[in-house]
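Chain naming follows the written order as A, B, C, D and E, and within any one chain the residues start at number 1.
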Amino acid sequence: MELKQTLRRIPTLLGSARAAMAAFSARYRMPLVLLLLVGIVVFPHVITGPYYIRVATIMGIYVILASSLNIIIGFTGLFSLGHAAFYGIGAYTSALLATQAGVSFWIALPAAGLVAAAFGALIGVATLRLRAVFLAFTTLGFGEITRIVILNWRSFTRGPLGIAGIPVPQFFGTPFTRVSYWYLVAGLAVVTVLGVYRVYHSRIGRALVAIREDELAARSMGIHVFGYKVLAFTMACFFAGIAGSFFAHFQRFISADSFLNTESFTIITMVALGGTGSIVGAVVGAVILTLLPEMFRFLVEFRMVLYGLILIMVIVLKPGGIVGVKGVFEKPKSQRKPWIVEKLTRKPTIPDATQPQGGTL
Amino acid sequence: MLAQQIINGITQGSLFALLAISFAIVYGTLRLVNFATGSLYMIGAYTSFYVVRHVSSNLFVSLAIAAVVGFVMGLILERLAFKSLRGVSRIASLICTIGFSLFLNELAAVIFGRETRVMPSVYTGTAFRIAGTNIIWLQVIMILVAGVIVIGLQLLLFKTKMGLSIRAVSLDYKTAGLMGINVDRTISFAFGLASACAGVAGVLAAFYYNSVFPVMGTLPGLKSFSAAVFGGLTSIPGAILGGYLLGVIENLAVQVISSGYRDIVGFIILVVFLLVRPRGLLGRKIPM
Amino acid sequence: MKVLDVQSLVVFYGKINALKGVSLSVEQGQFVTLIGANGAGKTTLLNTVTGVVEGTEGSVRYHGKEILNRYPHDIVRLGIAHVPEGRKIFPELTVEENMRIGAFIMKDRTRVQALLDRNYELFPRLAERRRQEGGTLSGGEQQMLAIARGLMSDPELILLDEPSLGLAPLLVEKIFEFIVEINRLGKSILLVEQNANLALQVAHYGYVMETGRVVREDSTDRLRSDDAIKNAYLGIG
Amino acid sequence: MSGDVILEMKKARRTFGGLVAVNDVDMQIQRGSIHAIIGPNGAGKTTFFNGITGIIPVVSGSILFEGTEIQQTATHTICRLGIARTFQNIRLFPYLSVLDNVKIGTHSLYSGFVLAALLRSPKYRREEREITEFCMSLLEKIGLADKADLYARNLPYGDQRKLEIVRALASKPKMLLLDEPAAGMNNTETAGLERFIRSLKDEAYTIAIIEHDMKLVMSIADVISVLDHGEKIAEGTAGEIQNNQRVIEAYLGKQGAA
Amino acid sequence: MKGIMRFSVLAVLTAVLVLAGCGGGSQQATTGEPETIHIALTAPITGDWSEYGVNFRRSVEMGIDYLNANGGVLGRQLRLSVGDTGGSPQEAATLAQRWTSDPTIVAQIGSFSSSEAMAAQPIFDAEGMVQLSPTASHTDFAPGSDWSFGIVGTQAAEGPFMANFAYNDLGLRRIAVLHLNNDWGIDTARHFSDAFTRLGGEIVRTEFYFDGERDFTAVLTRLAATNADGFFMASFFNDGAAIARQKERIGWDVAFLGPSSLYSPQLIELGGTAVDGLKTNVSFFGDDPDPRIQAYVSEFQQRFNARPNFHAALAYDAIILLADAMERAGSTDRQAIRDALAQTKDFPGLTGSITFTPAGDAQKEYRRLWVNSGRFEIWEG
């Protein structure tokens, strides 16, 4: 009995812990932001292992990808299963500009973002009139088509050979070190998250969320729904392109293997696991799903089994994600038990008049 | 030549058709795209591998056992995960199916080993020749099995009470509940049925390609999803048509265009159909 | 003897209190109507009785047995048929399939056939169209089909939700004739209706609902002669 | 009544399959008036509103708003022209705060660009401040200011109705379409609503209202149009309507006349 | 929504802490026995390529056990860390960073695919550690860095060998080519085709397929319609077996051949009689009477209940070669190992003798091989 009561209290306890944390962080918001920035600056000097810096850098890339995808999925309520395609387009644009045209990284980076955004806009215009689920599959198809085009168009993309020898970016004549990569990706990630935050809290963000919440009402409030959907798609693809460009210059070798559909699934999983629609959620999701597989490395061949299992469990137990906006992507709790439980615990069907029934006068 | 390609396409199309049916049943009842369909296909194939080793090398024994295994697997998946996700955002369910696909593939690799396993060659004798094209018995059997399953499903759906309840649930589950239909059980059954179809397809593939390996379902799963969209996601006849057409078109694409564009054909069909005619060839307008 | 007995039923839709403690009962063979303006909670009440909507408090008893928050398919098996608002026939099933699905809970085939025959007799129009898809019927025919489908489970109690909705006056009369006929066959009926005069003319007993509460209940004779109804509807007073 | 027509409908018609939901309706709404549209369930009232706002455009006939034809115009543009509406079954943005809901109402008044939002330009900051102040003043007016930070879904039902009206007002419309604003409200709430609608009239808004609460309709409407089976069967003042035989029949059935 | 920033702050801080945490953990593990020599293996243990990755792991573990049983290297025991890439180039690069930043690790064996190896290359290059890949054959791989070595031999040598086999020994003149569409397949097909054309033959048609495909009937039907008298398939053994079976099924009776990647006992198991008559080449032949090879094959069979294939043997050679280089260098210094490896000349591997070109590619010897009645046999002409 006591155990039961303790168990029953856990959600309440968690809730108050959460509330306390929220209150704490709301109160010390500025100090915490400063602490974060200091953390970013100090991190590569405290934890100097190149491996950890690399993992953190990869994490930064995924923070950008997940945050940007969150604009589409979380804010606007659209599906996209082809985010890796735009990531890849950004990476290839940047890599080709750098290796074929000798363009500096600092120009290639925004260029990659713009090219990816242009593709995003194009795909958006073509597909965004579709219903949600269909949109998802169109983007999935687009992702696959992009990959196959990369593989087949050998004269341009070198096909399966990939692009090697992508130059190391330079900063005023000094080539990047792994610490500079970290600073750059951290900067890009901060800018992305801040950008997403600002967009979310602007007239545009409100319009996007309005579309997610109720498209018809949004339209009646004067929101050009289609236009804003395309805008959301374009913005998200821009950031994905930026991430791709960084990745190309960071890894210095890219091939279609890095932009498979599974990569899109990884990004979408980060968003869903962290909490669809929550800016923090996307960050948390990206952080967890970058670290988790690294932490499970010692399991070697069992690693992905466990990873899959954890994924399923989190989604089943907490469909709204870890720090999701409570309720948005969850359904209300039902008072009814699953039928199997119902079946096992069903009372005999004899009318029981002695049972007191609450509420009667 | 063309005749040969068409025969190739039809044989391959039988596999696509069965998988597309699996997609169509799940989508029809749950409005969910099950990305784990390819994994269920793989499980069907491994089932036949072990049946051949330990029970009987007869193709039909494998088919029967794999259908049952598939059905049970489907029930388990549905109960474990999708039941509790019903009515939650689609994205959560979708990710859950992706998670299952990853989980099942890797689990199979750990349990069954990662190397490609060999299946015996059966029914490889020539059945008949058309236009200089050799057609073996196995191809005939594959087409027949697909046909029998299709007819069986149609009978089940249109002549039995369970079929009636599946159709009713897929049209309007709330009203179906008011008619005394146990919606949960109906959906579970449909999911099991869909999984059994995928399992059967896996067995046929195992025998046809003589090999079984953990990630064998990924590509056929993705392609036959295109086939299902092509035919109309909620329509079983549509799924069959889509499957066979995709098989034939893919093979003709190799013949006419280039082998490099083979895989792209399915996806171009997918995108074009979604844009132009989302309900597919035979599907009804999908209430979303 | 009370077939249906609803006591102090409270229902929330999220934060919206749709029913604020409603009590109502239907006697064996009785024809009860529930009238009231739009949004009063009439449909919610029916939906809660058959488990489509979950109730928060109170009780719903069928022959004395508590059925609140059971699954619809379990409740229907007890002998309640619910003809939902907006007819909700299955548009892509044929008329006959729609009818048969109404008899889903029946195991005995000969009995299903007998019921089918009887209902076709009652609704000859449906017999003519038994091979047609439900969606191709006219509004009135769809309503007939919805009622006939409800009868197919041979229920003891029938819940009818706005059967006159969207139908031309002549058809409405026709539908009501059927309902009276069904009641005469011994079925208890709970009718939710906007068309107050018509409902009060055919039913035995009436409840008037307003914003989630029953504001008045009485025999229909007395309710009919009462200006309160008219006033409630037309805003006089 | 000022006498000039703000919205004019000529032979507006909307069909769904074979069903005629709005059947060649002519109607004129006077600027500055409260114009009620009543009728039994399924009479086509909401379809009528959907036609005006372009959500479900009419199939024939014309709708003129301040002399401009709008029957083909997109919904979001109609809002910009100055028509705002509420919905029969409350369509708030449930997971946005009360304040944000109102802010979305101001959407059509501004034209901020992404870059401005990203960089938070001075103009953008000024506009956002303006929007916030304006929306807060609206919320204060209706008494929801203290709930500005709540999710819209957590408001009590009556407040949700009010919020929806405020959201519509935030677009500074010339004409307001209210679809059953009193549905589900209790007497006190309805009385408050009545006062509020009257105050809007005093501020020179034109209001078209669909309502089932006849007490409310009869007391505030300048003109009442009655729809039944898609047709306009009567039009006039409250007194005229209450004594109109066709209206009584439409509501209570034929026998009601006897 | 004020919470956004505060939560992101917390999230990132937690991440930093966790990262720091896992840092501490694994470093502790690596400072256990200073006496051992620590070697890393990077391979796709999970994912689409795991079949090959698992064989790598088996062979390398076998090699280490063998070396340790025989006194180790430089009198010290060997120790292995295995990292899984799941087939992703990015993970291979992450592992590269992990291995190079662990001071106890002296060299890495792996990874399997060229994409993986090349993604990791800049890191090995920058950090100065040997990346010895048993299988990466991308033209740009070994020349791309002083620290990259490939022992499979480039197709630049194997292609002409097979072309010669086809043209001179088999007398083929018109060949249809089918290749796997990845860097390896493209390279293999290109080198073979170039050499064959130079000899005076004709490539009548080249087609390809994507990884994961199991239905080759369409593309084979198209190739069969040419007037080819020979068929070259640049595939791995499991695809190759399926291709052979489907080739037989559509009734295309033509001489066929392919590169050494086809050599695997599994080819025959999977291909059955359909692979009879297939011509290929090997530098590793399991039925070779050489006692070293027989010892390896029998132990592999005993331990894993499977016969080793070409890829497995390459991985075995990689670890033995690495040990040899360390012995020759007399040190486990990363630079010394590299220099010693670069000097490798006529190292007697199971896959033939290995000599590195200045670029770091192995020059291999090839032997003609064919499948005769369900067995691989040396082709005697």
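Things to note:
To be clear about the criterion, a residue touches a chain if its C-beta (ideal position, glycine included) is under 8 Å from a C-beta of that chain, and two chains touch if they have at least 3 such contacts.
What you are looking at is a predicted structure, and each value in this text was computed from that prediction instead of being measured.
Between chain B and chain D, the least number of touch steps comes to 2. Geometrically, the chain at the heart of the complex, using CA-atom means, is A.
Chain centres here are Cα means. That of chain A falls 48 Å from that of chain C.
Averaged C-alpha coordinates give centres for chain A and chain E that are 35 Å from one another. If you average the Cα atoms of chain B and of chain C, the two centres end up 42 Å apart.
Mean C-alpha positions place chain A and chain B at a centre distance of 30 Å. Residue positions 14, 71 of chain C are each in touch with at least two other chains.
Listed for chain A are residues 148, 151, 301, 304, 339, each touching two or more other chains. Among all residues of chain E, those that touch two or more other chains are 1, 46-47, 50, 54, 181, 210.
On the side of chain D, the complex with chain A involves touching residues 53, 55, 74-77, 79-80, 84-85, 87, 91-96, 100, 103-105, 107-108, 110, 112, 114, 116-118, 120, 124, 127-128, 131, 153, 167, 171. Residue ranges of chain C in contact with chain B, taken from their complex: 50-52, 71-73, 76-77, 82, 84, 88, 90-93, 97, 100-102, 104-105, 149, 153. For chain A in complex with chain E, the residues that touch the partner chain are 21-22, 25-26, 28-29, 32-33, 35-36, 39-40, 43, 46-47, 49-56, 58-59, 148, 151, 154, 159-162, 164-165, 193, 197, 200-201, 247, 251-255, 257-258, 278-280, 283-284, 287, 291, 294-295, 297, 300-301, 303-304, 323. Residues 73, 79, 126-127, 130-134, 136-138, 140-142, 144-145, 148-149, 151-152, 261, 265, 268-269, 272-273, 276, 301-302, 304-305, 307-309, 311-312, 315-316, 319-320, 329-331, 338-340 of chain A are the ones that touch chain B when the two sit in their complex. Chain B meets chain C in the complex at residues 161, 164-165, 167-168, 171-172, 174-183, 284.
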